[in-house]
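Letters A, B, C, D, E and F name the chains as they come in the text, with residue numbers starting at 1 for each one.
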Amino acid sequence: MDKLTLLWQTTGLSAITIGQTAMIIVGGILLFLAIAKKFEPLLLLPIGFGAILANIPLAGLTEAGGVLYYVYKVGIDTGMFPLIIFMGVGALTDFGPLLANPKMMLLGGAAQFGIFATLFGAIALNVVPGIEFTMADAAAISIIGGADGPTAIFLASRLAPDLLGAIAVAAYSYMALVPIIQPPIMRLLTSESERQIKMKQLRPVGRREKIFFPLAVILLTLLLLPSATPLVGMFCLGNLMRESGVVERLTKTTQNDLINIVTIFLGLAVGSKLQAEEFLSFQTLGILVLGAIAFAIGTASGILMAKLMGKFSKDPINPLIGAAGVSAVPMAARVVNKVGLDSNQSNFLLMHAMGPNVAGVLGSAVAAGILLALV
Amino acid sequence: MDKLTLLWQTTGLSAITIGQTAMIIVGGILLFLAIAKKFEPLLLLPIGFGAILANIPLAGLTEAGGVLYYVYKVGIDTGMFPLIIFMGVGALTDFGPLLANPKMMLLGGAAQFGIFATLFGAIALNVVPGIEFTMADAAAISIIGGADGPTAIFLASRLAPDLLGAIAVAAYSYMALVPIIQPPIMRLLTSESERQIKMKQLRPVGRREKIFFPLAVILLTLLLLPSATPLVGMFCLGNLMRESGVVERLTKTTQNDLINIVTIFLGLAVGSKLQAEEFLSFQTLGILVLGAIAFAIGTASGILMAKLMGKFSKDPINPLIGAAGVSAVPMAARVVNKVGLDSNQSNFLLMHAMGPNVAGVLGSAVAAGILLALV
Amino acid sequence: MDKLTLLWQTTGLSAITIGQTAMIIVGGILLFLAIAKKFEPLLLLPIGFGAILANIPLAGLTEAGGVLYYVYKVGIDTGMFPLIIFMGVGALTDFGPLLANPKMMLLGGAAQFGIFATLFGAIALNVVPGIEFTMADAAAISIIGGADGPTAIFLASRLAPDLLGAIAVAAYSYMALVPIIQPPIMRLLTSESERQIKMKQLRPVGRREKIFFPLAVILLTLLLLPSATPLVGMFCLGNLMRESGVVERLTKTTQNDLINIVTIFLGLAVGSKLQAEEFLSFQTLGILVLGAIAFAIGTASGILMAKLMGKFSKDPINPLIGAAGVSAVPMAARVVNKVGLDSNQSNFLLMHAMGPNVAGVLGSAVAAGILLALV
Amino acid sequence: MAVGMTTVIAFLLLLIFVMSLMAKYLPKGATHEPTPRSTRKQSKAGKEPSDDTVAAISAAVHAYRTQRKK
Amino acid sequence: MAVGMTTVIAFLLLLIFVMSLMAKYLPKGATHEPTPRSTRKQSKAGKEPSDDTVAAISAAVHAYRTQRKK
Amino acid sequence: MAVGMTTVIAFLLLLIFVMSLMAKYLPKGATHEPTPRSTRKQSKAGKEPSDDTVAAISAAVHAYRTQRKK
């Protein structure tokens, strides 16, 4: 009898808490979104599975010596995983469309307004009982509006590790929801005739411009915003490897196996922060709400900036492309293309939207640097 | 003259011990088995080479600061290497044949009887002078009967790091010897007519069953056997990535470059435990003998269980497939196929044997969890 | 106003030193050499970019917690990165041409004379005010003459971490400059008729010889020069994987993704040592000068040894191939081929030069072991 | 030993039960299957021959031998 | 907030300025381009369709539809 | 310096000696070589096909030829 009791005490059933059960269900929901709905599966599948592993009673996978503990310590505590991913994103990014039309950079800047507006919102939320966000917390939350996963994880790991799980989940979820969140805002803020505007074809961009661009970006960043250099630096390294054309084999590995390996473990490490004690709180609800707001404001300010620029530009600008300024590459640009086609069957905005889209990646990395410097 | 003496003292010849010489020869034998005999070369080649490196006099490759020291600390002390390999194995495993005939799971369970029988045997061996196995040692040794390399290494690293070298070598050697060890036992325990039994063709298995299977396994494991969740969890993650079909690029990297990189260093790290002081003892002899016994008992109990199940089953069961329950994927299943063909030229048992075979992998991971919980 | 001052103080412009500016320019020069001149771009691109990142004011990327700090600690402080690269080089090296003509090994030895001559030179340089090289420093510098990147980085990380940046940059730069540095020396030391000498075709080499060769090398090394076993051991492991033919998938990963991943981070880590305080000194100038001398002496002694061997050999030996003994695989062999073709349009020396070339890799690894043992 | 072996078997019996439930109640999704299956095959291609292949080939060899005897 | 947003915009304006300079003063090197572009395309092959591809296909589809209506 | 250089040369001379021995006494394995060489080639293209596959394919080729002769 005594032996049976002992045996029973080694089971998870005897020790599982309601919180852990809830978080395992949350993990299951993330897996459902990843597999059945194809919402950013590359990240949400490992995150969801990590959430399940992190909430196993008695197994201690997130405690010293556990597999998730090591993965988090090595990859996120050091900041290395998001930085390596960012290098990979740099190696995958073609700045051609932006270089062909530099003004588009402004749209990638305007869309970051969502970040700074949310910063205020997060501080304001402190009036809600049960929610207590420090300035650092608020900054980490607001970066969700940047719609860039690795940037969000990097900033959260520096400023608010306790909120990292919720922030990363929110960031990737909203990035996956771009096709649902953005179109209504786009239609609300533009008229049918605006959506039909055709833009001038982009000029071809020389190889040298593409090589010098990452160098120019890192130089300006180190001179003006050194706190942004970890993110921007790794991004520019990846892009320089790509555009230089002399290290093809390194570029290929960076774009494929390296980014894949790191993605798996980054996902697991993020999932390891989805523990009941930390995730199940009003704060998480606040983060999800704030993230959605940041995202919507970013989309709107991108569109409005595009309308403003259209007023002063001699070449026509379709305001829809402003929505792509939030990053979420390449999903946001594809959504712009689709909404544009709905209004005009022969209006292909994809390449025009790629400019603001990649500018948005830089924009949010810069914004992250500013937050790191100010907080 | 003095200078020459000094020079002489920097040579390995001046310092090498008989034990080191013996271990270098052992390393050479492992390389011979790997290269000339093709015995599990992916593991035995790095293990054999690691054994040579670990026994170099004066070089201190296994001491703090040495290359083998770091590889062991990072990969095995943390348990990460066997767990990553297990994730890769999960990504390579198709549970279709098992899902088509769930009863086969029992064969993968029965074959683990070798593990628990050997547990007793190891404790009993303590009567031999010069051998002293603790309960933890005995548990780590008995897992050799599971015929699963990463599981054996993981358990040994938790329970008996000193014996890890001998245990890993025994596990991989016996896995390689499956075509030699198993057929006599199979022929002994079955009649010619039993070996000729043809089995019903397997039903096709739907995609959803394959996706839900790893999830069901991890849920049951976390509720009932949380101590098995590191191994089972990583295995299920790999299998879920594979079957979900939405993270193809992660799956491919896991099945190829990730598992390859880790295999090289896992082999070196295991080899680093083949040092003279630890390996050259009666204990190692005991481990080798016990491993062989565990293996033979596992094979036998798998076959006997298959015979028993055949008695009660409405569909015929060829008892040979029980032998595949020891794991050693896919070698054991191929041996079953071959022995079956020897008795009946038109009887292809391969797919039928794959069910017990993959069940054996789960079975030994579960057994490892039980050993971790009980010891 | 006060706020603006604060903002200004967060910029890099406010804090950048002249030294940092200079080093960023140095980084830019390395990038120029890598991209525009294609000088060893696989290494010089990440090194150059790393140099820029390492000299960003206020960002602290090389201080505890910074990305370059971690990369250096994990990869170079432990010696792991150069050793893994060396394993990859082993997996890429075909010793066939050397096995077909073992005497060529002597040329790979003679070319290491540059190393030991420079050792004296470095000690002698101490008379110059502002330069102070210890014995360990001198040994680390002299290895530049070995014309082998990973060997130089490994030795420098053991003996003179402060000089590592300058030594690695010098080693890779001179390796890239082989087509410019070597031909004048080759023409100076050989007559036109010597350069026209045709050599006998190489015999085919059996598979077993190729398998036994790395084993013979590691055995001799461990018996006689155990201090060389980290480098030689990893090299032989890579070569054995390649030649054994039984671990194809490990070999492929080692030759590609593993070596690529490590190359990126090795480059960054080396770049992180190009900090103003350490690099901008007379010592660096001394290192560059000594490296060039070591390189030239190595080339010359290889050629002279080839001439000497030609006197006593029954088969004719073209003295040009001695220049390939410095390593710098396969560049040096290609240069030999080209210079040979200049003298005789139908004289293809490439395969003949590959023998001394791969011998040079072993030669400098052995020399590194001797330096480690003696210093 | 008895405890360990019993636990293994009990656990696996439970798994068998769950698998049977899955086989019964999970919609088969026959239409969905072709795509993922083909992707999977591709990802396999280039690794060791899938067991289906081995089985198919063995069958072919057998058929060939049978024919030849006639 | 104002400071942050202003800084972002100011920084990006500067980048725009630099990009315009680059577009103006960097030699175009038209002859050099073909090789790297082709290599780059290969390295992309096997990943998601490049946006050029997507754009080209959309355009083709449109052209086809237009034609059909006639 | 003298010690170092002498050691390098001595070590390499020893290696040369061992290599000459290997060249002399190692069986060339001419008969053995084809098989491993062929495996290596195949195993490069998408890893090793099992021997069953090779056997099956040879059989198939033979069957085809036999049939054609009729």
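The rule is simple: a residue touches a chain if its C-beta (ideal position, glycine included) is under 8 Å from a C-beta of that chain, and two chains touch if they have at least 3 such contacts.
By chain, UniProt protein names: A, B, C = Oxaloacetate decarboxylase beta chain; D, E, F = Oxaloacetate decarboxylase gamma chain.
This one's a predicted model, so the numbers in the text were calculated from it and none came from an experiment.
Number of steps on the shortest path from chain B to chain E, with steps defined by chain touch: 2. Taking B-D and C-F together, the chain pair joined by more C-beta contacts is B-D.
Our note on geometry: chain C versus chain F, Cα centroid distance of 30 Å, whole angstroms.
Centre-to-centre spacing of chain B and chain C amounts to 41 Å, using the average Cα coordinate of each chain. Note on chain placement: the centre of chain A and the centre of chain E lie 21 Å apart, centres being C-alpha means. Computed centre separation for the pair chain B/chain F is 29 angstrom, with centres defined by C-alpha atoms.
Residue numbers of chain D whose C-beta contacts span two or more other chains: 3, 7, 47, 54, 58. Shared interface positions of chain C, i.e. residues touching 2 or more other chains, are given as 224-225, 245, 249, 257. Across the complex, chain E is touched by residues 92, 94, 98-99, 102-103, 105-106, 108-110, 112-113, 115-117, 119-120, 206-209, 212-213, 216-217, 220, 224-225, 242, 245, 248, 251-252, 255-256, 330, 333-334, 337, 341, 345-346, 348, 350-351, 354, 359, 362-363, 366-367, 370-371, 374 of chain A.
Within the complex formed with chain A, the residues of chain E that make contact are 1, 3-5, 7-9, 11-16, 18-20, 22-23, 26-30, 32-33, 35-37, 39-40, 43, 47-48, 50-52, 54-55, 58-59, 62, 65-66.
The residues of chain C lying in touch with chain A in their complex are 10-13, 15-16, 24, 28, 31, 34-35, 38, 41-42, 45-46, 49, 52-53, 56-59, 61, 65-67, 70, 256-257, 260-261, 263-264, 268. Put simply, chain A touches chain C in their complex at residues 78-80, 83, 211, 215, 218-219, 222-227, 229-230, 233-234, 236-237, 240-241, 244, 246-247, 249-250, 252-254, 257-258, 373.
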